[in-house]
Amino acid sequence: MLDKYGIAKRIAAEIQDGYYVNLGIGIPTLVANYISDDINVVLQSENGLLGMGPFPYEGDEDADYINAGKQTITTLPGSVFFDSAMSFGMIRSRKIDLTILGAMEVSEQGDIANWKIPGKMVKGMGGAMDLVASAANIIVAMQHVNKAGESKLLSACTLPLTGTKCVKKIVTELGVFDVLPHGGFKIVELHAGVTLDQVRRSTKGKLVE
Amino acid sequence: MVDKSVLNAFEAIRGVSSGMTIAVGGFGLCGIPENLIAALIAENLKELTCISNNAGVDDFGLGLLLGRKQIKKMIASYVGENAEFERQMLSGELEVELVPQGTLATRLMAGGYGLPVVYTPAGVGTEVAEGKEVRTFKFHGVEKEYLMEYAFEPDFALVKAWKGDRMGNLVYRGTAQNFNHAMAMCGKVTIAEVEELVEPGVLDPNFIHTPGIYVHRIFQGENYEKRIEQRTFRSKD
Amino acid sequence: MLDKYGIAKRIAAEIQDGYYVNLGIGIPTLVANYISDDINVVLQSENGLLGMGPFPYEGDEDADYINAGKQTITTLPGSVFFDSAMSFGMIRSRKIDLTILGAMEVSEQGDIANWKIPGKMVKGMGGAMDLVASAANIIVAMQHVNKAGESKLLSACTLPLTGTKCVKKIVTELGVFDVLPHGGFKIVELHAGVTLDQVRRSTKGKLVE
Amino acid sequence: MVDKSVLNAFEAIRGVSSGMTIAVGGFGLCGIPENLIAALIAENLKELTCISNNAGVDDFGLGLLLGRKQIKKMIASYVGENAEFERQMLSGELEVELVPQGTLATRLMAGGYGLPVVYTPAGVGTEVAEGKEVRTFKFHGVEKEYLMEYAFEPDFALVKAWKGDRMGNLVYRGTAQNFNHAMAMCGKVTIAEVEELVEPGVLDPNFIHTPGIYVHRIFQGENYEKRIEQRTFRSKD
């Protein structure tokens, strides 16, 4: 079983040399820390930056240099700033090779719900709907079950959708799952110490073993 | 020289009146027109419809307008970083229209590019699609559904740039560009505040982000706080 | 009666302080020479320049600095370069206050034909269709009759159209004419030495005296 | 560093083959990719569909490809500055599709912005509208007709910039920017030749025209002629 750092590390292994990657807030942000030094990757921040660097040194924070999570960041050689319209232009035109984001629910068809819980304060979808509607490749990083112990891998999402038929892969604390083109969560691997039975019990949608 | 410079924020917002729709630049607290927001407060304009990616925090940015109940409706992609916003929304005092961030940016750009509508896949199959025209196009080798979204045509666009010249040419710095450029392009009247106002010819004509033709009034702002929302850093060891 | 320089000069008088103006090829280009020094005007060249300056001094010509007529030009303080998409973006969003261009025919409804003569080599419409479809205010600079002596102010254009219901004003060697909202060429002024009769004979479309 | 630099034009055009659709940057002879055009000639690629605002002159630019009958179809806004073009067109050897200049630019931009179609008023009521969807929108306070035009998705985009870095970031100079930026954004594969290739970090991140994400291959061109089509000047007296 993996903790959130383990999930982030496992996802980092999916990133290939030359990729442009958009990392969502939460576990996806952690992925940046595990990208191999042997490959070259460019991180996009949808508020208008390609080539996101690490946090600045203490005292060097600059209010004009932030990421989509509103955190102060730095640039790297070759970084580019641009406006929001171009940022989503490159997202829509599928120039981002991989999008990694969190989710509350994923369906066996690849639908994703991650922005709204009816009855609770809704903060908004931010850029998530644009990202999931356009990305060529989407990996979801999330816990396999919610705080109430209910599966987040479902036949159909119960929460309002963020996008449909878009998630390609899910990495949870239990394992790695591909969403099959015709539906179903295909077990790609189980993490160390995880039993098939554990995954079966935690997965409500169709599991392909 | 076609001189668009005005003295200050008060002169700049002449004509903005209660009930209007205004686009306000910035992403979070980054790149927001601090002086113009202060002038809207001082003039106590009410019933504003604000198009802005976010709604500020309780004591800064658009949160200041919210606190004084000057905003009737927010059109934004991500809100609720402040308690008063949440209270007004839940009580029904404040109308909120949530728009995907890319759709927001593209609808603003469309206004500036003279495109009456744009088709985007964002929100297809979600509640964002309700009541909207859905149309299938083959693009990038895939048949896919798209939503028709209308261009924004705000009465005023209030933006903030790093530098600008008296002819209205604007240059942004870092990620403070964000929504400011697209908003500047689509305002029926666009007002820009800049950290440094220079004479025409100082800015390199090859590297202007927003050409002055889109900008109607410009002034040099003062006392920028440029507050940081999430101060993240690493230690030097 | 005016020569082409006179026509250009007369049109220049229509330009107001603070205007952004797009000048077409031919007589319209000459207009720039007659803009009053008392007003400030910005010339747009649709290949990507606002703030077109005069021709460079001999020897200073720069291949990277040209106007839409492919002539070498210079910039002025406050000039801006941009790409073709933004250039037509500002044209479509009606940021250009005045467009001045030549025509082969104008109809009493304000239709314009200026790009194609059937049976002759067609060079293309360039930016003319975009300009006439979007401009808030269009003045046509042209000769009143063609080389065969036929009127170019018609009830309806005979040549393939460039745009419909868009021309607001016409300046010819004989006079200045407004195209009325409900059709017709309203005589605004006759140039020195021109008789009403002369205009009547040279105008095939509906003349409003 | 994601290094997109290749040695020269020949390495850069690998994969371009006869029958493909290519977008070629430039306005007149200004900002054309001279080295890439030379490589297309040397490789003798045929049956090309070229999207380019113009078609060069007899002995320069795309005129060189026309002279060797390498072009099957031109999609352009203004052509015929060369005699061979006229001859081929009149004889039916060359197919020509004339597109309003703004429509051309906007369809290219649409490709790069992931917009499957755009609506433009250009060409409404003219032969350009034939066979196209016409739709009325209220925009800028006026009800008006617009034509639906499709985004371009050329197999390759061949562009020329002033400076670029190995990561593909591009900067243009003066009016040589013209169609190059929009084309660079929409190529399935975009190849950029630059007058000066620099290391990442040399170009100011605030002032990049085309972000490297849109560019797949980049190289430093050589022997630029940069021919002037209409040399106009004034005397110094």
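Annotations for the structure displayed:
As written, the chain order gives the labels A, B, C and D, with residue 1 at the start of each chain.
Here is the rule we use: a contact is a pair of C-beta atoms (placed from the backbone, for glycine too) under 8 Å apart; a residue touches a chain by one contact, two chains touch by 3 or more.
These numbers come from a predicted model, not from an experiment.
The set of chains in contact with chain B as well as chain C comprises D.
Ranked by how far their CA centres sit from the centre of chain C, the chains are topped by A. Between the interfaces A-B and A-D, more contacting C-beta pairs are found at A-B. Measuring from the averaged C-alpha position of chain A to that of chain B gives a distance of 27 Å. Here the spacing of chain B and chain D, counted between their Cα centres, is 32 Å.
Averaging C-alpha coordinates per chain places the centre of chain A 54 Å away from that of chain C.
Centroid to centroid, with C-alpha atoms defining each point, chain A and chain D lie 36 Å apart. For chain D, residues that reach two or more other chains under the stated contact definition are 106, 113-115, 120, 140, 172-174, 205-206. Touching of two or more other chains is recorded for residues 81-82, 85, 88-89, 91-94, 134 of chain C. If you check each pair of chains against the touch rule, the ones that pass are A-B, A-D, B-C, B-D, C-D. Within the complex formed with chain B, the residues of chain D that make contact are 106, 113-120, 137-140, 146, 151, 153, 171-174, 204-207. Residues of chain C touching chain D in their complex: 45-49, 54-73, 81-85, 87-89, 91-94, 111, 121-131, 133-134, 160-164. Put simply, chain A touches chain D in their complex at residues 18, 20, 40-42, 44, 50-51, 75-82, 85-86, 88-96, 134. On chain D, the positions that touch chain C within their shared complex are 27-31, 53, 76-81, 86, 89-90, 98, 100-106, 108-109, 120-128, 140, 162, 172-182, 209, 226-236.
For chain B in complex with chain C, the residues that touch the partner chain are 1-3, 111-115, 165-167, 169, 185-186, 199-201, 205-206, 208, 211-214.
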